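Common to both upcoming complexes is subunit A, partnered first by subunit B, then by subunit C.
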Partner chain A sequence: MVNVVITPTVANLLKERGITEANVKETVDYGESTKDKAVLPAEKLNWAVKRIGAATFAVQYKDSGEVTTAFSYKVALKAITDFVSEDKTDWIYAKTNEQMYRIRADMEYIGVVRAASAWGCKSSPTAFIEEFMAIKTIAIAQMLLEKKKGA
Partner chain B sequence: MSAPPEVFFPSINTDWHGHAAKRFAGPFVGVPFDRVDVDPIILPHAAIINGYTLKEFYMRPKLGLASVCWTNELYDLLPVTHWFYSNVWLRELGCKLEFKETLPPVVTGDRPIKNPEDADKLHIPDVSEIEKGPTFSGFVEGYDFVKQYFPNWFVPIHFTFCLTAMAAELTGVDKFMLWTLKQPKICHKLMETVMETSTNGAIALAKRYGFAMMVIGGVLANSDLLQPAKVKEFGMDYHIKHVKKAFKGGAGPQLWYHLCGNHSRDYMIWKDEFFSPFTVMHIGYMGKESFPVSEAKKVYGNMATIMSSVDTKLMYRGTPKEVYDVSKQMILEGKDSPRGFVHGCACEVPAYTPPGNIYAMVKAAREWGKY
Partner chain C sequence: MGEVIGETKSLCPVCLSLVEAQRVVENGQVFLVKECPDHGLFKVPVWDDARYYSEVEHYDHPKVVPQVFKEWEKDAPSKMWDPSQQLQSTCLTVVEVTDGCNLKCPYCFASSDSSKMTNLDMETLRGMFTAVSTKVKKPTVVQISGGEPTIRNDLPEIVAMAKGLKIDFIQLNTNGVRLAKEDGYAGVMKKAGVDSVYLGFDTFDREVWKKICGVDLLDLKLKAVENCRRAGLPIELVPKIIPGLNVDQIGKIIEFAKKNIGIIKGVHFQPISYFGRVPAEPKDENYITIPSLLREIERQTGGEITPDDFIPTGCADVHCDTKCFGFVSEGRFVSLTKMSGKFSPDLDITRTVREGVYGSWGNILAKEAGLLDGDQPMSDKDCGCGTWMGLVKDLTLNALTISAMHFQDAWNIDYGRLRNCCIHEVMPDGRFVPFCLFNASDVRGRAPFRELWCAQNRK
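Then we have the complex of A and B:
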């Protein structure tokens, strides 16, 4: 198991984003124990994702256990629907050593299902939503969905 | 607060707006309300039917946006307003725009790229330079006005237009099309320059307003002019980079892909576009015919809200009966599309379209698009 290390900078980030250390540890433990995670060997970086309660948590951490970032989103993965194998990322799916590529996944939030792009591969049950998508695009989309649902 | 003179029109009916807002939300939240929504993509038509000119629409953003609000209530259309024009963000790269009496702004005069060597000399304006430029200033003039006087109508839009068409305008369309075969590296350089510039425009708007819906066209990148592989190479691949970078800078989450013109040979490749939870897919034509709603639903219905495409020539030259009949058929085919359906025109409704033809679209939606 990896010993999670949270620097003061990351601790502030977690606080800003309402993520607890327990969320981080649970997510990392899940990634490590199942290998349902992505890795970036050149940078000795890992990316674990876990649904905990009403949110999905994503943690990126070094092999040493030092967390580099963490973010969360409320939309839940419903199904991976399409694979765009030409648009590749350097991230590798740890369980099968496959290079990941862009996928399209159905995401559900407050009963609404919409599609969005993420990283993944055919062997992975997990959609790896990038940080910019999670903290900007998806966050605003969630807010708009809440507003529109109440319109 | 009393409205200043530049509000131009009486207050919008708030009951109507509330109803339209609920209807507009329907396709995106999976809770259809009232009837199929209608968006004929009204731009200068709104100014013209209210006694102003096409040129005034483009030169006076506040008037343009207010006239679209008023016209949307008049026709019972959308609860949001918009104002944009093709050839955006090109003045920042050295092009001159001419505002015409009867046409949208056109690029005029000498182009900044006269020969392949010029491509390396282009300067990509950064976000702070974009913020001082004419394109951003025009949008801000309009959106600040809407935010203040029509806050419920406010959706800041980053208009990308067509990156391929814009890159072509830097040197002239004929030359650019030839270079796609003979000098593809130069075309890529121009595409990259235009893409980065437009991305910085999106980031600047998102920085000012907190978000920015992106309207992205595939106008020159179509089946009449390019092979599907080239449509991908000089069109979609740049869309993907553009959207990712703009999203990283805070733009989105709404994406509207407007594939103008004939996409009979390339419409399948756009499945690989980058999608957000608020994506609309709108394809203009299959050959010379309106793109079939049934095919749009089959290919894109599970990925995005789809939009139909009444032929703009029919809107301009056809009778209300013809527009009504076509609309009825499209609405019946599209209204149950899984991620929502909006009834629209293949492109911006022609400025001088008879108002009766827009009413025919709405009447068909009321009678055949009920939920």
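Then we have the complex of A and C:
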């Protein structure tokens, strides 16, 4: 088991983003126990993703357990619809040791389904949505939709 | 007399001397009460909801002490103003390029008409734009104004010069006559570097146009909007609201903006203030203050937009302005700002306002969402329909800002508000003056700072 380490900088980030330490631990434990996670061997970096309640949490952490970042989004994965295998990343899917590539994932939020681009591979059911996408585009889209629906 | 809730200073509308003044609550309304030793007592309504008056104070934002007013140390018109009291830096600068106009409206800040024709020369204007780009924090916003700037045939060169001097946003304050009458003029303005048109738009009632501007301008205004649409030149509608004339038009103007969403980025209401040329000395019933304006918005939009959707920007004094950011979706206005809640996402409101002055907070949010590549919208390939990016793009393209600023005239001016002023007029000599002070005129329409503007130009 990986022992999660949260530096003061990351603790601030978590606070800002409304993510609890328990969310982080649960997500890391899930990635470690199932190997349903991405890894970047050169940087000894891991990336686990887990749906907990009404949000999906994503945590990136070193092999040592030190969390480098964490973010979340409310949009929920419905289906992976498209694979663009020529657009590759260095991230590797841990369970099968496959190099991951660009995918399109249908994500749902308050009754609206839209596509988001993410990393993934054919043998994995998980979509790895990048941080900038989650905290910028998707966060703003969620906010606009909430206002629109009066949620 | 009612309850005194604050001490301040104001002007005597007869002799324009600084006088002591008090904010007084009477029957739930806030008045400014002041006495000039020579010209007697004045009591003017400033805010018609005393509870709301104190509520908005929570939105006061820390101010950035300005340096620009030090330049007045030696020769400030001390009878009217102590520049060392100014507390806020510049948000928007106003550069008047002429005092002449092709109209002669009965209500005109600048008392303009076709007989006046002080056109600042290019060198003077260069100095004024340089003053803005060197003294004001980026992004710099200049409103090119007058008089009517479009009467100058060299306006494209003036605009291009401002852009060349690194002014980030250029707003063109115009009556729209030339935009309507001259084919291709909107395109010329856009090409020269105008980012947004600040278009006076007071009513849909032809008779009322005659009262406000002396002639029926409705067709010209509509044509101006059409021409801007064809040129892709964004518009902010600027209705000045005059009790007894066009208060009933508020809802219709908002509806018009919603129908023309995409090209109309904002509606900026200006409750009337009595500067320059006005038909008569104002009485209480000639004022409409921000709270009643907001109630009218609610009433005339059938509750679609409510006072709770508006917050003071906190950049100017909290009693000077109010603003609501939103977007139009399926014909309805959806507000993002809430007085009772937080603006989300947590954008720095001051920054948003600075960049949003020219009418589109949507661009800021789009940029924030990663939808702009530099200043260019991302291609449809990257954020086409069906994606979350596409959704943000669609909604932000339909952004609409509804706002108001109640300028202060010699009757209702409160120096507590003036100290926090962030809208600054640039004098021909490159010095800055708070906008309301620049326009302050006495009962006869004499405006000392406007006279100075003319005098500096003659030099």
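We adopt the following convention: the second predicted complex is superposed on the first by the 149 of 151 C-alpha atoms of A that agree within 3 Å, B and C clash if a C-alpha of one lies under 4 Å from a C-alpha of the other, contacts with A are read in each partner's own complex, and residues count from 1 in each chain.
Keep in mind that, in the parts below, contacts are C-beta pairs under 8 Å (C-beta built on N, C-alpha and C of every residue); 3 or more make two chains touch, one makes a residue touch a chain.
This is a predicted model, so every value here is computed, not measured.
After alignment on the shared subunit A, the placement of subunit B and subunit C results in a clash.
In the superposition on chain A, A:Val112 contacts both subunit B and subunit C.
Once chain A of one complex is fitted onto chain A of the other, the partner contacts of A:Glu86 are limited to subunit B, with no touch recorded for subunit C.
Ranking subunit B and subunit C by residues of subunit A touched puts B first.
Legend: residue contacts after superposition of the two complexes on their common chain; A:Ile138 is shown touching both subunit B and subunit C.
Within the superposed arrangement, the part of subunit B that overlaps subunit C, taken from 184-192, 220-228 or 274-282, is 274-282. Taken together, the two complexes place residues 75, 107, 112, 114-117, 132-133, 136-138, 140-141, 144-145, 148 of subunit A in contact with subunit B and also with subunit C. Chain contact summary for the complex, subunit C toward subunit A: residues 326-327, 329, 334-336, 344-345, 365, 368-371, 386-392, 395-396.
Note for the complex: subunit B touches subunit A at residues 21-22, 25, 28-31, 210-211, 240, 244, 247-248, 250, 252-253, 271-272, 274-279, 302-304, 339.
Within the complex formed with subunit C, the subunit A residues making contact are 75, 107, 112, 114-117, 132-133, 136-141, 143-145, 147-148. Contact residues on subunit A toward subunit B in their complex (touch as defined above): 75, 81-82, 84, 86-87, 102, 104, 106-107, 109, 111-117, 132-133, 136-138, 140-141, 144-145, 148-149, 151.
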